[in-house]
Amino acid sequence: MEHANLDFDRQNRTGFPEVIFCEGKPDEFLVDIYKKMYDRDGQVFGTRATEHQYNIVNTILPDASYDKISRILKVAPKDGRSQELIGNIAVVTAGTADIPVAEEAAQTAEYFGSKVTRVFDVGVSGIHRLLANTDALNQANCVVAVAGMEGALASVVGGLVRVPVIAVPTSVGYGANLGGLSALLTMINSCANGISVVNIDNGYGAGYIATQINRLAER
Amino acid sequence: MEHANLDFDRQNRTGFPEVIFCEGKPDEFLVDIYKKMYDRDGQVFGTRATEHQYNIVNTILPDASYDKISRILKVAPKDGRSQELIGNIAVVTAGTADIPVAEEAAQTAEYFGSKVTRVFDVGVSGIHRLLANTDALNQANCVVAVAGMEGALASVVGGLVRVPVIAVPTSVGYGANLGGLSALLTMINSCANGISVVNIDNGYGAGYIATQINRLAER
Amino acid sequence: MEHANLDFDRQNRTGFPEVIFCEGKPDEFLVDIYKKMYDRDGQVFGTRATEHQYNIVNTILPDASYDKISRILKVAPKDGRSQELIGNIAVVTAGTADIPVAEEAAQTAEYFGSKVTRVFDVGVSGIHRLLANTDALNQANCVVAVAGMEGALASVVGGLVRVPVIAVPTSVGYGANLGGLSALLTMINSCANGISVVNIDNGYGAGYIATQINRLAER
Amino acid sequence: MEHANLDFDRQNRTGFPEVIFCEGKPDEFLVDIYKKMYDRDGQVFGTRATEHQYNIVNTILPDASYDKISRILKVAPKDGRSQELIGNIAVVTAGTADIPVAEEAAQTAEYFGSKVTRVFDVGVSGIHRLLANTDALNQANCVVAVAGMEGALASVVGGLVRVPVIAVPTSVGYGANLGGLSALLTMINSCANGISVVNIDNGYGAGYIATQINRLAER
Amino acid sequence: MEHANLDFDRQNRTGFPEVIFCEGKPDEFLVDIYKKMYDRDGQVFGTRATEHQYNIVNTILPDASYDKISRILKVAPKDGRSQELIGNIAVVTAGTADIPVAEEAAQTAEYFGSKVTRVFDVGVSGIHRLLANTDALNQANCVVAVAGMEGALASVVGGLVRVPVIAVPTSVGYGANLGGLSALLTMINSCANGISVVNIDNGYGAGYIATQINRLAER
Amino acid sequence: MEHANLDFDRQNRTGFPEVIFCEGKPDEFLVDIYKKMYDRDGQVFGTRATEHQYNIVNTILPDASYDKISRILKVAPKDGRSQELIGNIAVVTAGTADIPVAEEAAQTAEYFGSKVTRVFDVGVSGIHRLLANTDALNQANCVVAVAGMEGALASVVGGLVRVPVIAVPTSVGYGANLGGLSALLTMINSCANGISVVNIDNGYGAGYIATQINRLAER
Amino acid sequence: MEHANLDFDRQNRTGFPEVIFCEGKPDEFLVDIYKKMYDRDGQVFGTRATEHQYNIVNTILPDASYDKISRILKVAPKDGRSQELIGNIAVVTAGTADIPVAEEAAQTAEYFGSKVTRVFDVGVSGIHRLLANTDALNQANCVVAVAGMEGALASVVGGLVRVPVIAVPTSVGYGANLGGLSALLTMINSCANGISVVNIDNGYGAGYIATQINRLAER
Amino acid sequence: MEHANLDFDRQNRTGFPEVIFCEGKPDEFLVDIYKKMYDRDGQVFGTRATEHQYNIVNTILPDASYDKISRILKVAPKDGRSQELIGNIAVVTAGTADIPVAEEAAQTAEYFGSKVTRVFDVGVSGIHRLLANTDALNQANCVVAVAGMEGALASVVGGLVRVPVIAVPTSVGYGANLGGLSALLTMINSCANGISVVNIDNGYGAGYIATQINRLAER
């Protein structure tokens, strides 16, 4: 039984390499996939990794590095290939607790070649903190708005900027937050224009779309 | 069979007279209740009335008046008793479509003796409209925040004022607004402090609570 | 009582004029708003209008026109100002029944100055119809994917193109489609990258975001 | 990366200091925030803390104290500043299991300067226990009603008193209690007037609003 | 095609005759079933009938009678067979709007031979009205508690009596009442003992079970 | 704009012709599609049609026929091509009200060439009616079990037969039936083996799958 | 702070002693309550206890006994008071996994003085096992039907017997069983008469009601 | 108390032996059931077993074997009875993470005598991987389509093949996947024909139905 069917054509077809969703992958499968992709591409990028997963991948790929906040487990290219970051994506969070998801978005965008501006902990209960950053947001090609609890941040940002807002609901909160579903509904029903939504805690997806838009803007 | 069991003690116990929820009441029941309460109290106040209900009540109580926006059907006291309004309640809406619910709240509060300041159509997608009214909100003893769609208004208001915010989700919106449930969840999960929530479209309930608070502040 | 608080600054702030959501607006309010906006801007654009609303607006603004499929009610500029459409947005539907929402998206994008390519009735149950249009999709700056029932179209499109996909779930379907919520969940959980989602039946929102992206790509 | 954006203006704007939601905060972040706030204000108040969090905060702030029931972790002012409690807030629970949430509400209100009357374990299945406390409830400026399972307590209290009732649904219960959502729905749909609702288990929020009302009543 | 498969054995097996659920039955089917059952049994009992259905049944069975409140459409036995009612079932409602469901329960129980005591409009927002009827409830073999909105009535009744309480949630209410689901959840999660629940608006089902219990108590 | 993209290859690919879902199709579209398909194939089959739709189709295709119960609107082949029905599919319903969905399933299967045995109104509350038909069910290649309300029929049938059971939940019921979702959940969670489920009221889908199985069994 | 408000009047008012819901009670509270109730009554009965709770209670009340299956932790009367069991309650389960809930019901009923007949593992997927027990069911005054997964057992039982059926949904199952909510919905929507429902896994509640009915039947 | 009521007649009635659902069974019960069934049949097949359960069963039945991926715990017949596999069932997965459920389906079908073709990791985000396997799918008598996240695989497969598709939603995913409910809804609402659905993660059920169909096709 062959467990994985690598999509060799993906880079050509979509302009992006394959990325590994580490969560829940059995150890043997994970190590095997990291190994195969590294052999093919000379670099690997995985999301939602645990420290344990970092340890086992590190054993066979000593160049692997792990970021505890974003939970990204990556192997940078051996030969020091470097990339100049282009354009500008603003990543905004409502609270401190939303930072892990925001960092997943930001580091994904950076891995794919985008420059990122971080604006954290500017939730709507103290609206002046967000308004003080209006100019920073307006200089970006795209805004990623990350918020849990009631998720109102996206609507206010949407009313302040000219560019698309990718809204990321997070599971931060308790009680009737329904594991992030309440924030998702808030963002889907936004009265502001220019807002589209990805899955709960899906920082990776937001970083990917923001990069697509950033590339179009900078081409 | 006796269909209604009037609560004669309510005014003494709670400080508020009985009010009629007109929606869905059969014609005979409705007319009978308006009649009985008018005979007892010399005035009647009903919510969620239709024009048809106004017409049938008007036949037997010619002093009845009806407001199409708020759907309030009331009979003012015959002898011209008048009431001086006290304190200050701010009623704020996100959009034009939320006005019927807001008017139900405002007119309820006025009927119960409160002065009301209306601030309409100041939703968060154009945040400057709300900020321009910060002073007006801060002069009130209580703010009623009425919003449909994603209901983000309550959170922003909550972060701007010192007084309690009664949040009223409305059924305004479509698709994933779930008939107002999405706005309700937003408000219940608010990251701002000082916000409590009533049922969807329950302008009456908000006007009642706002009056309780207004009376406490003005006693 | 002033029912509407027009957002005069919106064009400057966001690059888009105000648009009217006609559904549920009382006749007097609607006519008044069309009148005011026409006086200010010389043109008006409204969505989700009924034929009745067209008739009453037409009485005072004889240049108003109405499209039954998209339900857009607009007043074109009197002086024949014309606009050259730029870039390219592909609007794709799964079925025939999704066309009204797709046309709302397409005509919104055109009103805002974007060129649109329509690819209709290419749902995944006959996948060859979609694959035959892969080239057309890849020539666009952005794809709007409109689908009801199970909404699988967005995932397949997402795997075929380099550009962002704005997914629009529709309320088309029956039974466990939950008024479009099932399609929305499908799109939010998509295994493909590059997909973000707007509210059920929100063609307008998709046309708006697609235009933001199209403008960035063409600037 | 700066993880927290302290809201220095909050006390001026809202009349309340910032409070820390401890749940889920990484150790380093938490200690850092307690330190910064203590340096600025000479006192700190946090909710939903674990014993582990108490231990690490205690290491650097030896005056920190922790209450196991309410899970409040606070640092009292060094210089013995004391506060005279004003007014009266009644905190009522349906059962013994609701006491942790009730204590969060009560101790929050006390921290913010309110006098509190506790009335615990008076659920509606033995209604005489509640009725025996009617006078105590009527002497308060505000009642906080805390209940899990079916949450009926709020409705009965609402019918007995003149003052606002802040209803707090709790996650106490099992099966179809849906983690507290059933109690929340009960309270939102209450047939009694004067009831507004906060999030499930949100004792802090109720204590905050009760204090707002208590201050208005006592000013 | 034979549309109905009458259950001739039901009276023997369960002690109850078949009853017709009229709602949604096509006219021809309905008339046919009434005719067949009348020919077999000399009497027929149907629930949730419309006036139209009464009219068409009345044409062929002139002894048919219809009660507008309970919506019961029945044909009494021609030969004047009469039944002595036994025992005692109390049917209690929270509000006036719950009376149609309560009457369905009460008239069903009477049709099946039970004596019924009606106690209407004694909802928990004015708890003294219910307490004034405690003795009446305690004289019954079973209590049927009918309530919409938040459905708290059942819990309070459950704490007052020795006998089983059959709780009937009704669809009365609005907003977050979810068509009666909120009341159903309240009743299912009741903190009081002795409460079991039937479907929303299922007065018939409650009258049936109450009769089963009443018969056991009186045998 | 071309509204429909007919799938000319479908018969070759899947062994079944295209079928029209009539519900909600605008008149012009519907007539146009019936016309085109009739011109191509000499016959047409549509589901969920209204009488109005029959009338307008009948105007241009005088051989169209309509069945009020199943709501199938079809045009039989002009030249009297006839089809010998093969195999055996049992279609079973819990109640009389489920017959429209059952007939949609049965007539679909017949249109696709399957012989059908109907067993109606054998719901589990009178289990002997179902048991009396055990032999009939066991002679079929496949059973379609159609039930609303609690949908328990499928589980009992599943325990009695050797062949696959296609379970069709219906929207028949009220209150907590959630428009058929409760029956769907019952069937999905069945403790019996051999049961798979289609959408609520999806008689057509069940008839299609039953035919696939019947053909495999009879080839 | 007094954590518990014992209901001394309960036995007089309802005919049943107080019972302790052990789940989630802090150790000190639990031991204290067992002690107080034992001192007052000479016996104690608690449900949903863990082995740990048994151990700590046993330390101070050496006569305490614990049943691992039902999770009942009780202290029998010291003086050997014994009770003659009356009447007959049948407790039926669909599967083996439902036995813990069934035993909670059965042992509760026995503690309250009822004779119990157990009929286990007779789920509807092998209907002959249930039918073989029809006589046993018909000799009871009440049937408690315990089932998880799709919960169809209650409907079939309801169609076979003359006496009330108390349906207990269990959380047994996986996937779309929604923690027992699917079984609850099945039972609430039952097509059979005579079925009322208690909370998921609420064996205690069912045993209580069954005893109420059994007592009425045997008085 | 006898905990299990073995269904001796099942093989005769349904053509399949009894199978053990191991999850959650207490150790003693599990060992006892394996022992009894082995004594009766000389072989046993159980699903959702843990390694711990394997170890305890292995102690008394040394021939027991366990597959970690599918979690199947079986005891093969001692006497080397072997079975020739018939027909062809295709088991397809969207991703690597869906393989455990797919293997449960495949190994169940093989245990019941079916030949199985595995096609893994061919999700719709790289549609060419699935299209490359169209011929393999078309050679099967039945396709089992296993997918988590948005579950779109089933719809695309349904449009490519002539035979029934058994769709198995999995709990793979996060956020708004609702534990697999989103994939289930996708599959139930599929726009493609020939798709029926089993419970979330129910590989066993799909393997059972696929075998029923495979046997019918090969008889």
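In this document, chain identifiers A, B, C, D, E, F, G and H correspond to the written order of the chains, with residue numbering beginning at 1 in each.
The criterion applied here is as follows: contacts are C-beta pairs under 8 Å (C-beta built on N, C-alpha and C of every residue); 3 or more make two chains touch, one makes a residue touch a chain.
Given the structure is predicted, the values throughout are model-derived calculations rather than measurements.
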{"item": "Topological distance between chain B and chain H, in contact steps", "value": "2"}
{"item": "Chains touching both chain D and chain E, listed by label", "value": "B, G"}
{"item": "Shared interface numbering between chain G and chain D [over half = same, under half = different]", "value": "different"}
{"item": "Greatest separation from chain D - chain, by CA centre", "value": "F"}
{"item": "Chain pair among F-G, D-G or D-E whose interface repeats that of A-H, sharing over half of the contact pairs by residue number", "value": "D-G"}
{"item": "Cα-centroid distance, chain C relative to chain F, in whole angstrom", "value": "35"}
{"item": "Distance between chain centroids, defined by C-alpha means - chain E, chain H (Å)", "value": "46"}
{"item": "Touching two or more other chains - residues of chain E", "value": "13, 125-126, 159-160, 175-177, 184, 188-189, 193, 199"}
{"item": "Chains touching one another, given as label pairs in label order", "value": "A-B, A-C, A-D, A-H, B-C, B-D, B-E, C-F, C-H, D-E, D-G, E-F, E-G, F-G, F-H, G-H"}
{"item": "Interfacial residue positions of chain G with respect to chain E in the complex", "value": "13-16, 141, 159-164, 166, 184, 188-189, 193-199, 205-206, 208-209, 212-213, 216-217, 219"}
{"item": "Interface residues, chain F side, partner chain E - complex", "value": "96-97, 99, 103, 118, 120-122, 125-126, 128-129, 172, 174-177"}
{"item": "Parts of chain G lying in touch with chain D, wherever the complex brings them together", "value": "1-5, 7, 9-10, 13, 23-25, 29, 169, 171, 179-181, 184, 199-202"}
{"item": "Complex interface listing, chain C residues touching chain H", "value": "94-95, 123-127, 131, 149-152, 155-156, 158-160, 173, 175-178, 182-183, 185-193"}
